[in-house]
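Shared between the two complexes below is chain A, which has chain B as its partner in the first and chain C in the second.
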Partner chain A sequence: MSRYLVRRIIALIPVMLVVATFAFLLVHLVPGDPASMILGDMATVEDVERLREEMHLNAPLIVQYITWLGRVVRGNWGNSLYSQQPVLAMLAERAQPTLILSVSSLFVAVLLGIPTGVLAAVRRGTKIDAAILSVAMFGAAIPGFWLGLVMIMYIGVSLGWLPTSGYQPLSTGFFNTMQYFVLPAIALGFPHSALIIRVVRSTMLDVLNTDFVRTARAKGLSKFMVIGKHALRNSLIPILTVIGMSFATMVAGTVVTETVFSIPGMGRLVVTSVMRRDYPVLQGSILIVAAIYVIVNLVIDLLYVWVDPRVKY
Partner chain B sequence: MTTLADMLREFRKSAAKAWRRNPIIRIGTIIFVVVLLVAVLAPYISQHDPLKMNPLNRLKGPSRANWFGTDELGRDVFSRVVFGARTSLQVGLSVVFLTILMGAIIGLLAGFFKKLDGPIMRIMDGFLAMPSELVAISLMASLGPSVNNVILALSIAHVPRMARLLRSSVLVVREMNYVEAAEALGVPVPRVLLKHVLPNCLSPLIVQATSTFAFAVLSEASLSFLGVGLPPYVPSWGTILSGGRQFMMQAPWITMFPGMSIILTVLSLNLLGDGLRDLLDPKLRKIAS
Partner chain C sequence: MKRRSSFVIALALTLVLVTSGLVSAQGVFGGSVKVAVETEPANLDIQMTPSDQVSYIAQHIFEQLFAFNEAFDIVPMLAESYTVNPEGTVYEITLRKGVPFHNGKEMTSEDVLASLHRWSQVSARGATAFGFITEVEALDDYTVVLRLREPFAPLLSFLAFQNTAASIYPKEIAEKYPNTPIAEYIGTGPYKFVHWMPDYRIRLERFDDYAARDDEASGWGGKKVAYLDTVEFYTVLEAYTRQAGVQAGDYHVGMVINRESYPALVADPSVNTHMLSPGGFDWVIFNKKEGIMSNQKMRQAALAAMDMEPILYATYGLPEFFKHGPSYYPEGTVWYTEAGGEMYSQGNLERAKQLLKEAGYNNEPVRLISTAERPDYLNIALVTAAQWEEAGINVDLQLYDWATVLERRANPQVNDAFVTGHGFVPDPSLLTVLNSAYPGWWDSEAKNELLARFQSEPDQQKRMAIWEEIHALIYEEVPAIRMGDYYSLTISSASLQNFYGTTWPVLWNVWIQK
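Moving on to the complex of A and B:
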């Protein structure tokens, strides 16, 4: 197990290297001179030259790449071109709302997805099943940001039950913070629950047809025990896979959701840094999101062992 | 071994059967064809110029003159949504085309040439560690807002998935007797790849193409909504939503109609994809039923 873990962590190095290379090359994809592009038409020659110096644009590309990579590895991610703040500090400051949003969206997706998927599988072929499948099909097609806008319109503003924008840190109290995340988490989580419903339903259908479920039924176990303890337990691996994939997409989905609900998180930082061509911030965000993504994937693979003791690494 | 012509004939036959038997394909196709017709016939369907502003007639609700109301500049929302269908489908189709083209090249090279496999797939793994939306939005920072750049960014973001999929089919097909036979007969490698390997890897690719299309429509809308996709004057579902956002309370119609258009289009593509998957992959058929 520990050897497997070491191997997996080593395998992350080339992946993160590709991510870093992509982040580095972004600056150089700009047609023409990145420095004058960033500063716009009004900049003086001196300003452009100063920025070229600051961004080390005068060195050969390969030298730039190696020095940049060296700094990133040592934890010096540069300063924002816009606010001059250190990038790592900016990202750390905005991590809390983004993490709360991603985790609560995952909660929504899982709490909605698993029971509904199980219900559809158990009631296979009935009207309930058909209704759930249609809603899931429909749900998967809804753009999360649009759902967010509609909820702001009809639930947030018209009914006035929940705040529709902004954020208060966790230090102001758990429930105070969470009320800001109810609508965003539904907007981000609901479309994903559709995917989870479909995976849960199809794996449950397979498992419900196996001999051990028939045996469990024959033994006279309660329906709850048969479904919860025998069937669901044995469907967890594909479910876990789809949950992991959803979580990673949700972290990326915070970009749009945070903009809709004006939450000052990392996602919004990505949008503003794209608009301001604030490359150090953008590069930092890419690295962080990719790191979260690979770590989530690793954790999911490790969870397989816990979920299914037959899995051995 | 099957040639492309055989494949197409086979496909037509099974498509006709699927149309008769599979309601999912039927519904998906009908909705998609309607959207396609709206896009193609946009100038004939819309009653107004989608770009024409009329400050005296701003933020008016749906009426006989303006079926979907007017926006903050007095432009006809119905015409903008109709022309938006054009933009969305143009972006979607181009992204699908480019993704398949680039994905096929990369997938064929990686799957067929063992030496290239390692390096190419490591690069793809790196890209797959970044969510597609993030890759696309980052590229937009450097490329700047325009229709072509959105297409390029979304294609690059989705190529790794297509390449990985194609590679896995190529790995299987490469071991087939007919490929070995072709090579033994001295058929040049490019011809082996295009005539013998590629046609036999197409079916998973077709299913993936529908989901790439859906992804492209959704992502174009979100990029444009965020203001980093298409320039605001191009009528697209995303730019309409972006403009309508500030006037959501006074003029909800600006937000509702483009959103529903996105849902319908993505829904039709997902249905088509599901139907095609059942059709092309008998092993998965039982899951859908």
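Moving on to the complex of A and C:
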């Protein structure tokens, strides 16, 4: 097990190196330049050229790449071209809102997805099953930003129950922070719950038809024990995979939700950095998101062992 | 009986309030105002960064020697008074005494010298002004003399303007950041900088030792009172979120609101709507350095083909939001003129075709560059392209994201025309297209000669006559085609008093009614 872990961690190095190279190339191959974005609409061509020179944007790409990679390896991710702040500090600052958003969205998705999925499987072929599946289809089809705007309109403005947008850090109190995340978590979590519902339903259906479930029923176990302990436990592997991938997608996909609800997280940072052509910040964000993806993958693989003792590495 | 006496008391009270003007003049101290702004500026260096977002946040922190009042006349701000010699080449400016910076230091002539020097280095406008200024000298702690090579009539406008402003920084800061954005925001304004949470919030706080002027408040000039304890600017990228936030009471001001929401907002008693005036305008700027549109006849043909009304409706929607007309300056301002205006909005396809023929046009593609990132620019490009096509111009419409537009328009080999916007500027010499180095490169001899005369003419009447000539020349040489004026929609919550919609809305002399 520990040898497996070490092997997996070493294998991350080439993956991250490839990601870093692609991140750098993609970001630099896109036309547009940060100097003219900083100076804005009124700037003359000479103004922009002067700033490009000062920002060392005129050096050959390969030189810029090697300098950047050398710095990243040593823990210096450079400064934002736009705001001059260190990239690592910027990313660390944005991590809290993004993590709160992702975790609470996952909470919404799982809380909604697993029980309804189980219910749909148990009541297979009934009206309840059909209703759940329709809602799930609807959930998968509606765009998160639309759901967000509709909730802002009705719950934020008309009813005035929750703030329409914004963010307060956890240091201002847990409940104070969380009131800002209720609507965004639903907007981001609901579409993902649809996916979870469908996976839970189909794996549960498979398991419910197996012999050991029939045996459990025959033993006279309560319905709750049969479904909760025997059936659900044995469907967990695919469910875990889908939850893990949902979480990774959420971390990377907070872009739209954070923009609609004006949450200063990593997603919004990525959007504004793309628009500003803020190369160091973009490269840093891509590296972090890629790292989260591979780490979540690794954690899921390790969780399999805990869920299913038959799995051995 | 009881009812009648209370009516009399109410009437008497109303009369007292109305006659004494108390209703509108009594400010209330305290509270915090939250402003939802559409994008976050890179920094608050108001000298260096030419963006409206910098101007309307940083103008609360920094002040210039002069300022504009409501009518866009120039009034002294940090200056007490000034004199000019009859030739218009020596300005002697007396500074106000006892004006502290936010760090407690008193502002004196050494700060003014250092700030103006930095402004000449980091701002395109400063560089233009210092093309005329040969020497800046401090006679004593409170007197500064500017000597000019030759008269530069818009000098005071340049010194007062909020965009890449000649703001006065403490000497130490002006010298510490000679050509990079300042990172310490210390000014003399009514609010001081406290905290910046990147991508989220900029917080300002009342500056208790602010030295206010005594003269009546007007526009950006006169007496400034900081009623509010704090002013916070929140970056809210999504327009609907800004609107909903003001309606729900989460913000007090929402900048740049969707125009389609206007009818609903007018009906909502919890918000006030403001059209930001003077408005800006959007235009198509031609590449006059290279390519097919460097032919003046081609540009005249493009102008002849255009009918502005459909463009204005398609772009700004409701007629409340735009003004159809040829003048680069709104009616009521000193620079209003219709010179050359008969060429505006002709919609004359016959004439356009005739001009194309004279230009020797042979169906070469005309590359028009715009962006879908900004809906106004997209709509202008779409309708303009349709009208040109109708006249027989083969339009190659290219849509990019904004950053790419900025790059491509700066390259004379890859564009023939691009769409962009322009904010209100108090002096015509500040119009970007008059600058030969600005993309599009209008470098004609006639323009250069007129501009030089315009900049050095001290007499306002004669300047106006030259501006009329330039205005007519714009319609003759067609360096660019302006569609018409537009007004952005800003909303404020009904509790916010004395708030006016201007290009750079101010939050001094503004208070919250509890």
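Note that in this section the second predicted complex is superposed on the first by the 276 of 313 C-alpha atoms of A that agree within 3 Å, B and C clash if a C-alpha of one lies under 4 Å from a C-alpha of the other, contacts with A are read in each partner's own complex, and residues count from 1 in each chain.
The rule is short, and it goes like this: a residue touches a chain if its C-beta (ideal position, glycine included) is under 8 Å from a C-beta of that chain, and two chains touch if they have at least 3 such contacts.
These numbers were taken from a predicted model, which means no experiment stands behind them.
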{"item": "Touching partner for A:A136 - first (chain B), second (chain C), both, neither", "value": "neither"}
{"item": "First, second, both or neither for A:V150, with chain B first and chain C second", "value": "first"}
{"item": "Touched partner set for A:A43, first chain B, second chain C, both or neither", "value": "second"}
{"item": "Chain B versus chain C as contact partner of A:E54, first or second or both or neither", "value": "second"}
{"item": "Touched partner set for A:F261, first chain B, second chain C, both or neither", "value": "second"}
{"item": "Chain B versus chain C as contact partner of A:R277, first or second or both or neither", "value": "both"}
{"item": "Chain B versus chain C as contact partner of A:V200, first or second or both or neither", "value": "neither"}
{"item": "Which of chain B and chain C A:A252 touches, first, second, both or neither", "value": "first"}
{"item": "Chain B versus chain C as contact partner of A:R94, first or second or both or neither", "value": "second"}
{"item": "Common ground on chain A, meaning residues reached by chain C in one complex and by chain B in the other", "value": "30, 149, 152-153, 157, 259, 271, 275, 277"}
{"item": "Contact set on chain A toward chain B in their complex", "value": "14-19, 21-23, 26-27, 29-30, 137-138, 140-143, 145-146, 149-150, 152-153, 157, 202, 205-206, 248-249, 251-253, 255-256, 259, 270-271, 273-275, 277, 279, 282, 285-286, 289-290, 293-294"}
{"item": "Chain C to chain A touching residues, read off their complex", "value": "36, 39-40, 42-43, 49-51, 124, 163-164, 179-181, 183, 197-200, 234-238, 240-241, 244-245, 247-250, 373, 400-404, 406-408, 410, 420-422, 432, 435, 437-439"}
{"item": "Contact set on chain B toward chain A in their complex", "value": "122-123, 125-127, 129-135, 137-143, 214, 218, 221-222, 225-228, 241, 245, 248-249, 252, 255-256, 259, 262-264, 266-267, 270-271, 287-288"}
{"item": "For the chain A and chain C complex, residues of the former touching the latter", "value": "30-33, 36-48, 54, 82-85, 90, 93-94, 149, 152-153, 156-157, 160, 163-167, 259-262, 264, 268-269, 271-272, 275-277"}
